[in-house]
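Both complexes shown next keep subunit A, but they swap its partner, so subunit B is in the first and subunit C is in the second.
Let's turn to the complex of A and B:
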């Protein structure tokens, strides 16, 4: 037993994050820590990593009890941690980031590079170690952080939500890498809320709910549905209902969208139409194309060619005009949609502020009207804490997302562009948001959902397109059963050819 | 909620008191090293700043342009536009208003004051427009461009004062001819240099306080942290950046006109006299809030005029005022850092 925690309690103010939690990590084994948002899984990992101090409880490392535990001690003990919001400086390369995290006065760049290369080769990963990290895909950065931690001598590797932004192919690659590391003796703890991938990757499993360990055991012979039920408890999951898209009114029309970055074609002639009441699901391996498409649809990214029209009006590169025509935009990164230093009610009423029902004098704000609007969104989307005066930056990621989606959909939008709308959310919150998207469509909006979560797309969409290398390579009518083989080929770009629907 | 707020105020107050105590201790030690009794020096400083009607007016005369410049850069700094070009804009405003006053063949105060005011505001705005456009459209770093434009303004002023705007009479240092009596900003307090320009401080502070509560005021805050969201709300980058620059330029130019037409009654090379940078410091010191900026400029001005009195009353050189101002900034900067970290 490398690490063993028992009876660990942790409170943040009045909230109990963990109570009586226990976990064991063994050499050469992969343990998954699963649970809903706020179940305490990240907190547990951060306690082991020395980032969050535990209030009480026993912590045994290599058979010896440890006292107060700092990140520095944890690093010295060989505990690597890859946070959910990746920690690399985006303008530096992996090598430089690795050196940055190290100690000592002299930077041995050549030595570091060869050690990283060696570790990457051992893990069977090919990575660009010397280009700025911002040029790598999210998956590449994630692997880079893992390679860096392993090179720094991590024998225990903690990964916080490593799969939350990855597509199926990348998840496969990650799981393969982790398995290889475990085979070489590393102990891995995988914090996640996605069960499927965990079951095939992990040896053992800890299920947390409300800060308590609900299940601790091996994954062999475990039923995925049973684990899901344990995670959420006996709660009604609620399913978004699919309204039929009958209207012929094309509210969103995109033609020949081109976007070039240096010599890379990010969008290569994307054309699509979304009708009133229709949800278009956009699938594809997570990469640069999806965020570019989302931002171009919202008018936030200048394109090299093509048009975006809402209700037949050209709004290419015009975010203000899109807003006026009723575009709701849920960006991939929720920090782009929420102003951290404003209150919940201010964030909630940004679009209504100063409007007819929200002012006493032209230009002046009516705080009480904004307050009421904030309270409405809090109630509809179960934002916690339910205090409209709370600062948005202090909310958990899931609650920020609920606030963001609530604000955008409260405007009775004509077109909705949602990128990863339920990313990192617990099942109940994700269900709330999917239901709200379906409701927006039923109310007459044209909805585009871009997501790395195939199940989500299949559940929500009326129609699905697959984008690979900046092009639409396949289209599926989701009213009929989908040929998963074809879908898989399109997603992986295996045949490299357009696939007929 | 209320509990949290009062708690915040208490720690804030404790922080300010601690900062003031550190400042007092360091300055007292310096005064003592200079060979004076710190208490006597403090008395001389307070007297020098507020002791007599004339001295109080002098403090206000210094505070007015500081406050105007500080209030003017407040929206820009809140927006995340770090203009440090107030010096150049102040000079441009002073020069253009002087040129306007000399070139208008009128003699009524209303006309000349309007023309002077317009010259100041226009000069400052024009001089701020260039770095504003460069930042908005071609991403030229505004700190660098405005800093360099300050030098250009300074040398251009000397050229103007040796050429087109030079006084007819021979003067030891280059300067313009005295402004006509009818173009001067009227005195506010008989027998002192305090002029009606002080009213602009009240107007600007009140206007900004209202602005901060408007939708527009909030949008500029959104822009500072979230450009894309601000654009969707109707505030594009060009608009946010250029308007911030224009407002900062207009106010700095206004201060320039007031220095010429209200205080010196002539255009001279050192018309800026550190006001451009002082105003930015005052804006930061005042926490980018209108009232705070007004208070901070009063404090800076009191230190400057008070130090003169102290120099006369004791052996302490007036430069102690500059040292103190520097220390205040340092302490505030440390305080802000700590606040950020504990937040």
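Let's turn to the complex of A and C:
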């Protein structure tokens, strides 16, 4: 037994994150830690990684009891950690970030570069190791962190939602890498909400709910549906329904969008139209094109050519204009949409503070109206804790996302651009958000959903386009059954031709 | 000696290197401090204190003691700022200004105690000048570069060591990480508080040495207000130099070139008011600052 935790309690203020939790990590074994958002999975991993101190409880490492535990001590003990929020310093390259976690004064960039390249090649991924990581996609950063942790030769590897930004191909490569590492003796803990990954990759399983361990056992002979039921408890899972789009009103019109970054064409003539009440699903292997498209649609990124029109008004590169015309934007990274230092209710009315619905006198905020609005979003989206005065930064990732989506959709938007709206969320929260997006469309919005989760796109969309290398390579009408072979070819860039709907 | 005389330019450029030492050392200290994500606005006061300590210790035990004393006094001020800001959570701008005022005021008081007004000024010998054999015989360039005061050579060494350490050792990326994203650095096992303590203390020591470069490298004596606001110039030079070591050196040379030019030109052009020449280096620094301020490359947690 490498690591053994018993009776671990952890509270954040008045919220109990873990109570009496226990976990064992063994050499050469892969353990999955699953549970809903806020179940305490990340907290458990962070305690082992030395980032969050435990309140009480026993922590045994290599047979010896561990006292106060810091990240530095954990690194020295060979505990690698890839946090969900990612830990890379954004202005440094992957190589420099890797060296940052090292020791001593020597800086062996060439050596580190070749070791990282080797690890990346073993994982069958290609990464830009020498540019500042802020220029990489979320998937690139996530893979970079994993490659760095693997290269550092961790004995114990903790991965918190390692697949949240990855496409199916990359997930498959990651699972293979983890298996290979375990076979070589590494102990791996995989925090995830994707049950399929668990069944495929892990040897043993810890299910958490409300900070308590519900199940601790091997994955052999376990039924997926049973695990899902244990995670969620007995709760009604809402299901999004799709109403057919019949309107001819093209609310969002994009023509010939071009975006160049140095030599690379990130967007290469993207043209699309989304009608009132329609949900357009945008698929593609995670890369640079998806974030660029999302930001270009929201007017947040300057483009080299092309137009974005909302209700026939040109809003290219004009975030204020598009917001005025009723654009709701759900960014890929929720930290871009939520102000962590403000309360839930302040975040809920952020763009409308002092607006008509939120003032008694011109120029004066009406806190009680803001409060009521915050409470409505909390109730509609099941934000926990249900306290409008709670600081948004203290919420779990999933609850921040619910708050963000709730705020954007509460404005009765005309156009919705959602990028990875349910990324890293549990089943119940994801279902809530999908239902809300479907409802926004039914209420007359034109909705664009960009996601790495193919099931989500197939469930939500009326139409689906696939973007590869900055170009729309395929389009599918989702009212009819989709030819999965064609879709797979389009996603992997095997098939470059346009496919008629 | 006129503008067209080659010796005139030889003297101006030689003086430029000598006068660059205090600006560069102070700017280097501030740059290290800011790269770690902290700000030391007390530079001018720390330079004053260092300049005075250098004279006192040099008077007692020679120039070597003077340099050590100046560095130690500067380091104390840097550590004081570090403890107030990191440990006690004080506002670094307020504490920095306080240190600037204390540095100048306390030094002035101690100077009065040591050398009451009306007495003969105490002069200490300058740090030795060293003629590099052969190299100093190169026409024009030789006397400028290789017939210099020890403080000037120390500046060259600081330049090379600074560039090397930031580019070729792990210290460089640790500093950048702490200055840009302390939370991320902490996640990757860096003790950000320790890095900032070291950066502020070392930065203070360099500012103290910058003061010594004025008294032991140029003047040979202490008088009140001798920094002439060079600490604030160093602050500007860090920005002009885009938080890089060679950039800070270039910024320091810009200021000291016009300072040196002003000193020499005063004698040759008596029809121009001398005040105009005194303003020149500051005006040029301001101009350079205005032209370079657009770049967004400051450490992000600053």
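Throughout what follows, the second predicted complex is superposed on the first by the 451 of 501 C-alpha atoms of A that agree within 3 Å, B and C clash if a C-alpha of one lies under 4 Å from a C-alpha of the other, contacts with A are read in each partner's own complex, and residues count from 1 in each chain.
In the analysis below, contacts are C-beta pairs under 8 Å (C-beta built on N, C-alpha and C of every residue); 3 or more make two chains touch, one makes a residue touch a chain.
Predicted, not measured: the structure shown is a model, and the values here were computed from it.
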- Message: Given the alignment on subunit A, is it a clash or a fit between subunit B and subunit C?
- Response: clash
- Task: Could you look at A:224 and tell me whether it touches subunit B, subunit C, both or neither (first, second, both, neither)?
- Result: neither
- Query: Of the two partner chains, subunit B (first) and subunit C (second), which one does A:104 touch, if any: first, second, both, or neither?
  - Reply: second
- Query: Who does A:304 touch here: subunit B (first), subunit C (second), both, or neither?
  - Reply: neither
- Query: More subunit A residues touched by subunit B or by subunit C?
  - Reply: B
- Task: Considering only touches as defined above, state whether A:368 meets subunit B (first), subunit C (second), both or neither.
- Result: neither
- Message: Going by the contact rule set out at the top, does A:319 touch subunit B (first), subunit C (second), both, or neither?
- Response: first
- Query: Touching A:72 in the superposition: subunit B (first), subunit C (second), both, neither?
  - Reply: second
- Based on the superposed arrangement, let me know which partner A:130 touches: subunit B (first), subunit C (second), both, or neither? neither
- Message: If the shared chain A is used to align the two complexes, which stretch of subunit C, 26-34, 44-52, 98-106 or 188-196, clashes with subunit B?
- Response: 98-106
- Query: Taking the complex as given, what residues does subunit C use to touch subunit A?
  - Reply: 168-174, 176-177, 180-181, 184-191, 300
- Message: Give the list of subunit A residues in touch with subunit C in this complex.
- Response: 51, 71-72, 75, 81, 83, 87-92, 96-97, 99-102, 104-107
- Task: Note which residues of subunit A are touching subunit B in the complex, please.
- Result: 295, 298-300, 319-320, 322-323, 327, 329, 331, 335-337, 339-342, 346, 350-351, 353-354, 359, 363-365, 387, 389
- Listed in rising order, the residues of subunit B that touch subunit A in the complex are 1, 210, 213-216, 218, 221-222, 225-226, 228-229, 231-234, 236
